[in-house]
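My questions all concern the structure below.
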Amino acid sequence: MGALESIVAGAAANLLAPAVLFFALGAIAGWLKSDLTIPEQAAKTLALYLMVCIGFKGGVEARASGLTAELVSAGGFGLLLSFAAPFAAYAALRSFGGLDRVTAAATAAHYGSVSVVTFAAGSEYLRAIGVEFGGYMAAVLALMETPAILAALLIAGAPGRIQASAQSARFKPTLWREVFLNGAAVVLIGSFVIGVMSGERGMARLDLFVNALFQGALCLFLLDMGLVAARRLAEAPQLNVRLIAFAIGWPLLSANVALLGAHALHLSLGDASLLAVLAASASYIAAPAAMRIALPKADAGVYLSLSLGVTFPFNLLVGIPLYHAAARLLYG
Amino acid sequence: MGALESIVAGAAANLLAPAVLFFALGAIAGWLKSDLTIPEQAAKTLALYLMVCIGFKGGVEARASGLTAELVSAGGFGLLLSFAAPFAAYAALRSFGGLDRVTAAATAAHYGSVSVVTFAAGSEYLRAIGVEFGGYMAAVLALMETPAILAALLIAGAPGRIQASAQSARFKPTLWREVFLNGAAVVLIGSFVIGVMSGERGMARLDLFVNALFQGALCLFLLDMGLVAARRLAEAPQLNVRLIAFAIGWPLLSANVALLGAHALHLSLGDASLLAVLAASASYIAAPAAMRIALPKADAGVYLSLSLGVTFPFNLLVGIPLYHAAARLLYG
Amino acid sequence: MGALESIVAGAAANLLAPAVLFFALGAIAGWLKSDLTIPEQAAKTLALYLMVCIGFKGGVEARASGLTAELVSAGGFGLLLSFAAPFAAYAALRSFGGLDRVTAAATAAHYGSVSVVTFAAGSEYLRAIGVEFGGYMAAVLALMETPAILAALLIAGAPGRIQASAQSARFKPTLWREVFLNGAAVVLIGSFVIGVMSGERGMARLDLFVNALFQGALCLFLLDMGLVAARRLAEAPQLNVRLIAFAIGWPLLSANVALLGAHALHLSLGDASLLAVLAASASYIAAPAAMRIALPKADAGVYLSLSLGVTFPFNLLVGIPLYHAAARLLYG
Amino acid sequence: MKLATRTKLEIFVEAHAVDEIERMLRGMGFRGCSVFAGVEGAGSHGSWRQTGVEEAGMRLVVTIGAEQAAQAALVWLENYFAAYPGVVALSEVKVLRAERF
Amino acid sequence: MKLATRTKLEIFVEAHAVDEIERMLRGMGFRGCSVFAGVEGAGSHGSWRQTGVEEAGMRLVVTIGAEQAAQAALVWLENYFAAYPGVVALSEVKVLRAERF
Amino acid sequence: MKLATRTKLEIFVEAHAVDEIERMLRGMGFRGCSVFAGVEGAGSHGSWRQTGVEEAGMRLVVTIGAEQAAQAALVWLENYFAAYPGVVALSEVKVLRAERF
């Protein structure tokens, strides 16, 4: 089978995966303004469940394979990517995107940081087509959440700004807690550590919970993401062609930078693909929460519409198989 | 084993099914005014989950067996039943039941439409006693939700009425969305289509989620339905003997009409039994939502008490095995 | 392996169980004031699910083994323990703990009553190390919830007191419903009865739901308990060294009394261990709900901080393996 | 718009009391009420938060009715608050369709 | 503190009407609103409770704005309540940053 | 009924600020408060909805206390609203047991 054919086959298989189809169902229902809703607390619980599974499975596998040099290089490179990306994204959003300083910085934080569900979809894709990757990638995911947020604060000069008024000074502790101890990071890292500590014995007890249900929970969560993405797009007067171009072009660029780095570091094909997915993904939980505290003047309509309404669907439907195809060309 | 004995055995087996017993537990707890409650969002999520499973499983099976002529005849007959039933039910509710015009029309919508959970209980019953039925029955379920609502609007002259006042005219789009794009219909049909599209490969990924958990989720949901049914009955001063007689007599009649039609159409024994269950069942989600918008002057205390408080328990406890027994007599 | 070594090994295994580690994760996140939260309705649903599983499994097993004399003696002894314990606890809390009369009585109710999740953790521990116990212990758990509450009402003279004012008289029905028909008791006993009625056939349908997911649900629920316990401890100015000493000393004492009784009654090693766990555990659902109605002047900060913040973690981390070790010494 | 003046009561109480309070309000002449669930709060009995583990939730019962009905309810509530946690606030509001309150 | 007087509307309506009512309020000149979900209640159309099985939930829409905007909204609402269940209460409140309302 | 007049503040703020605002209210002399979660809303910063994916929820903090405490809180809040989204409304209410507020 030629490279192109295999790319097309991979893309088609991805589009027929139930999880992707449920996302499409949600998006269509949202677009048609159906009254379908996923109860808010159910969606939060599903997100929590997905993070527990990703962290725990990753930890168990990382223990089995030993915490190798690959974890160090993948983790280090992920940290670097997450911290460096916002500077480039900021420049692009200011000049090409025409955003104001604060909104550009906040949006840059989203694109430097990562999306847990995109990672989940990416790893399910690799599993479905039989490509192996390291359990420690769950730890890399967790490591890549925060640096981009710090970078965006530096860019916006926020830590200084925040001390300006008496009121915002009070919010510094809240901000630092939000940055370093946000629920998503705590659950991901915590579950990873629990996975490492409890190992195969723990997995024996949690096997069905963590593995057999994962796909189903992902389907339900993506149904909700589809609804939210459609609504975000419909209610986003701020979006223009340039911003949408950024939201598609950036992940393409970012994924390829990640692939080149991963290749240079001799990471495996699967790890490289997941790093590309992470680099291409944009945060929609940790980053907005921090930005609401640190940069309240940034326009949330912009960063959430781009991240949830454009980049997330693009990565889910097209990006994931594409990045993996690029990885195969590179690793060829 | 004689016909009667086998009917009795089937009824007894039904009453000892965990799902039915959990319904009874909920009803007893509600009747004793225990403070037991199922969190609202959990119940909604369970309902969503049940619909995803029913639709998806049905779609996968329908793909496997091909979308045969049976789907067309069962679907067409179901549509007809759902649309025609409200006219007969309306006449009965006006004359025999003594209801006012609007409440009678709204109640008729409920009895023409269908109940997802009654369908779920019915198909679990057939599975438990080893009777096969077509996966496309899930699509028939979805098709039968809406026509009865349209029929009731015709009966009440609501589309005209609704234009009467400036305010209600604004609610026409909301109403049509509620009728054709209500969450339940969207999820059922969407999941069915996803099942058809992803087929056995999709089922391989979702097997445990969709099959192994179904019974348990049904138990929890029925626990809640028991609580709600008991409360509905306790708080229903509007109910009188005639209305209660309707709520039991109608399903008996309706199920037998469905059986005769199914037999004439050469549907299988299992399909006929499920069509009877659908015809006998009364809606308590899609119909009330539409009636609240279209016929706000109808007395919700009447239609919900009858549907949730009388017909649902009757079908669950007695109706399902009875209709199947009747089907077996008919199919000889 | 010597007795001490096996105790140490058991304790270590307990501390590495995923459920215990998730509790620790929650406690750490709560202590660091992370914004991690488990949606309230999700936690309630998990609690409900755990109770359904415990009751149902217990019922199925009890039916399989017959409702033997052991159930009668374990149940009778459990009832006695639960009723008698508050008198001793009250005396200790008044004299040694220095609490006022009403708060002491309310706290005594908590320590006489039992904790479902501690029971769940205890039975998972026994399962993990291969020690058998009777399914009827789920019924004993349910039986031990209420007597302690009645005892505390006697101690506080509440039934009399409650008649004092016109208002509180109205709350007597609410109180009795809360005491005898609280949701936890209804679900536990109801599921037990359903388990007995539906037996192995029912279990065949619910196997995965009730067994394979139990550990995972317990992990998520304990994550929440960790968060709550940490917050309770942080916000408990009322706690002093004596009260904390009570909250650790009482379970130690109580567990040993239960062990001696169980041994005298010739209960099995597993049953004795679980009775000790029940005796040592303190209620945090049924008892506070009843106390809020019956003894509103009691300081909820005291009883909830002790029960949730001290005794629960102690039992989970240290108590369970310790009581079992003591049981093994006793049973030689 | 023909507006009439009525009295609004906002009653913060523990969840277990809501049924009894609704009954009482009906008895005093209120013809409707709406109940909301709080997520956290604090008062003289300490602070609370609605979690899944502790069922400590407070409810807010809002009812609009006649001044007299409100006065009668206040007598009952004063008695109630002597034993149980909670707070009530009374204010004036304007309503449409006065005959319904 | 420079406080300005504005009008607050508290509108109790069924969930399906909220979108339309938000649109109407914007049209009448209100610049913001907040919506809350009730857990149970009662009125002339009987009592309801928010459960997972029945989707009967009422919402409370709170909006603060100019007296005129409120009067305009009341006309619309009177019409609406002729057909649908619900209640509206109007009261005066003081706000900071008057130019925003 | 002996009723006293007190001041009620209704403060709409983002969830992350609630802890700090409760602390502030205590500092200004308020002796209690109750917090509710909204489901959706709109204002000068755009519209929001409480979903499971985006954690954008606004909270309503209700507190009843002395006029002075309210004035002090308003100064703090004016400053706060210069940076963050939100709204505050002040009104008069009557309460029982005046000594508790």
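As written, the chains take the letters A, B, C, D, E and F, and residue 1 is the first residue of each chain.
To be clear about the criterion, a contact is a pair of C-beta atoms (placed from the backbone, for glycine too) under 8 Å apart; a residue touches a chain by one contact, two chains touch by 3 or more.
Values in this document were obtained by computation on a predicted structure and should not be read as measured data.
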Inset, instruction - State which chains count as neighbours of chain E and simultaneously of chain F. - result: D
Legend entry - Same-site or different-site touching of chain D by its copy chain E, using the half cut: different
Legend entry - Pair exhibiting more inter-chain C-beta contacts, B-E or A-C: A-C
Legend entry - Distance between chain centroids, defined by C-alpha means - chain C, chain F (Å): 38
Legend entry - Approximate Å spacing (C-alpha centroids) for the pair chain C, chain D: 35
Legend entry - Intercentroid distance (Cα basis), chain F paired with chain B, Å: 45
Legend entry - chain E: positions in contact with at least two other chains: 16, 36-37, 91
Inset, instruction - Note the residues in chain B that touch 2 or more other chains, in rising order. - result: 35, 38-42, 44-45, 178, 208, 212-213, 289
Legend entry - Touch relationships between chains, expressed as pairs: A-B, A-C, A-F, B-C, B-E, C-D, D-E, D-F, E-F
Legend entry - Contacting residues of chain E [partner chain D, same complex]: 10, 12, 36-44, 58, 60, 71, 74-75, 77-78, 81, 87-91
Legend entry - For the chain B and chain E complex, residues of the former touching the latter: 38-47, 165-168, 170-171, 174, 178, 224-225, 228, 231, 235, 284-285, 288-289, 292-293, 296-297, 299-301, 304, 308
Legend entry - chain C partner contacts - residues on chain D that touch it in the complex: 14, 16-17, 19-20, 45-47, 49-56, 76, 79-80, 82-85
Legend entry - chain F-touching residues of chain E, taken from the complex the two chains share: 1, 3, 6, 8, 18, 22, 26, 31-37, 59, 62, 64, 91-97, 100
Inset, instruction - Quick one: which bits of chain C touch chain B in the complex? Just the residue numbers, please. - result: 39-42, 44-45, 48-49, 52, 56, 177-178, 181-183, 186-187, 190-191, 193-194, 197-198, 201-202, 205-210, 212-213, 289
